[in-house]
């Protein structure tokens, strides 16, 4: 089933990530059905949709943290999960190498509890990418300053607020210098007053031209930051359009219901 | 090199009697220590510091010494106080004292982890002291601690092997005697080891069967 | 009290044997746990039988099996080596269960993060899971060390002069066995209280620092 060529449109530049006919089932329960999408360089794509619509699973399938049941994920012309140019499944080590090109930020931050803030950020560049330590540390300090945590380098995750943890997690993803960063509901487990500081950091990244795919429930943020919005419902892509159109006049009834509920909830 | 398990087979009656001695010594020791351990809960949960603290210290200290040390205390020490016991009584007394400390500690922590509402409801109904312990607390903590008590029973059986050193004719002592007699050390000790294994697997099996009781009560 | 230096010497031997067995048993038990978790076909079966067997095997019997039994199959060990190997085997079975449940219960989101930055399974185990599991379970491992100290009198059977054996020898030849044995017991209490105090301090230190899972 694995094709050797990425299906590309000659008129378009090469997508950073291209998902082709991807489906994912947990047991007999389909979570994603026939997903096709392409993420272009410097795009900020927001995945919207009700809880359980498959947003997280889609992100996790993109870097093969979850192995898709069928379909393909292409990363700059190489196929995720398969040996280069061949139909054989990649080994865990080869897969690991591919994953270094995709950063990921988790809903629960997933900072490593036994490492300090700085160690969390430099861990993978040094030990996975084998880059020189001095260079990595200097870069990490710069990144942490950029997310406003220059005075927390030696702190442990347990000493940070949720918002600070998430900013460290973003710095950790950035330190990999990957082609794209996937953010899985980055503000959903934060206290309301801490959401802003994290969204501001993400907005900076978007403006700096970083390619981002964000699963989120923050409608206002999506409207402001997204270059494109993808609406998922029951494991299918229902709409894909620019944010202005989507929020002003959604094409489908399901998207309209979804937005009404959100605006309604937001009003309370 | 050839293993002579045929010589072991000839000594089967000796092994069986050693096994039997281990079983009954441990059975009586464990039963009595269960009772003593439960009784120790009263001073351990006493409201008076002068009662509670020394008991706690004794229990902690007993759990910090090796079984064999206590056996020596009973075996060599008690006669100097004018109390001379035969080897059976020495064995059982040692197990009872030693294991009661562990039982008391296991039940104490089960009691501490018992939802507070249980004892409060009982006190509200007028239960106090021994009655509270016997009717409300004990049934629940015994069920909750059953797997740990099962492991402790296995520990008693393993410790009882030390009794061979003060010449109690239990299973390890038998294995030692047989190897000295027929000079088949490997075969003799491995046979005893397998018998201990079977014994402990039976206990584990029994504890697993108890699980349904625990599940029935929602794992108090 | 005249016997105090003699007893202290015995206590040193007890601590020495237990400590070496503890240190050797930790990596051995980790290997057993990993082999069982990886479900390496025959190895898994062999180790699960090993753990079950050793967990019910009395230490005195194990010591004698190694010292008196193995020469028959061509392995002649000196008493100290036999004693230390027996204690190591003993603790490896119990420790492997600690490792196993800690590894199986290690939160998967910590490993997700490791995979997402491209760590191989080996790297994510050794760099992310292992340090946290070690620190979070330090008190369990030290608790196993106290069990080791308590089963170490087994090595006295093959003539290693540990604290219990020395206490027993003096008690058997002494007109006042009771104070002799009480003194020996107190030394054990001191050793084990010191160990559990250290364990609590370490646990608190790690806990405060990382709030490990």
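We call the chains A, B and C, going by the order they appear; numbering starts again at 1 in every chain.
One rule holds for everything that comes next: a residue touches a chain if its C-beta (ideal position, glycine included) is under 8 Å from a C-beta of that chain, and two chains touch if they have at least 3 such contacts.
Quick caveat: nothing in here was measured; it's all calculated off a predicted structure.
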Review point. In terms of Cα-based centroids, which chain occupies the most central position?
Key: C
Practice item. Quick one: point me to the chain whose Cα centre is farthest from that of chain A. Key: B
Study note, to complete from the structure: Chain centres from averaged Cα atoms put chain B and chain C apart, in whole Å, by 21
Review point. Measuring from the mean C-alpha position of chain A to the mean C-alpha position of chain C, what distance in angstrom results?
Key: 45
Practice item. Round to the nearest whole Å and give the separation of the Cα centres of chain A and chain B. Key: 57
Check your understanding: Of all residues in chain C, which are in touch with two or more distinct other chains?
Key -> none
**Study point:** Residue ranges of chain B in contact with chain C within the complex
**Key:** 1, 3, 61, 64-70, 72-73, 76-77, 79-81, 154, 157-162, 164-165, 172, 175-176, 179, 184-186, 188-190, 192-193, 196-197, 199-201
Revision key, fill the gap. Chain A partner, complex, touching residues on chain C are 109-110, 112-121, 123, 127-128, 131-132, 135, 209-213
Practice item. Using the touch rule from the top, collect the residues of chain A that touch chain C in their complex. Key: 63, 65, 92-93, 96-100, 102-104, 106, 108, 110-114, 123-124, 127-129, 156-158, 169, 172-173, 176
Review point. Quick one: in the complex, what on chain C touches chain B?
Key: 52-53, 55-62, 64-65, 68-74, 146, 149-154, 156-157, 164, 167-168, 171-172, 176-178, 181-182, 184-185, 188-189, 192-193
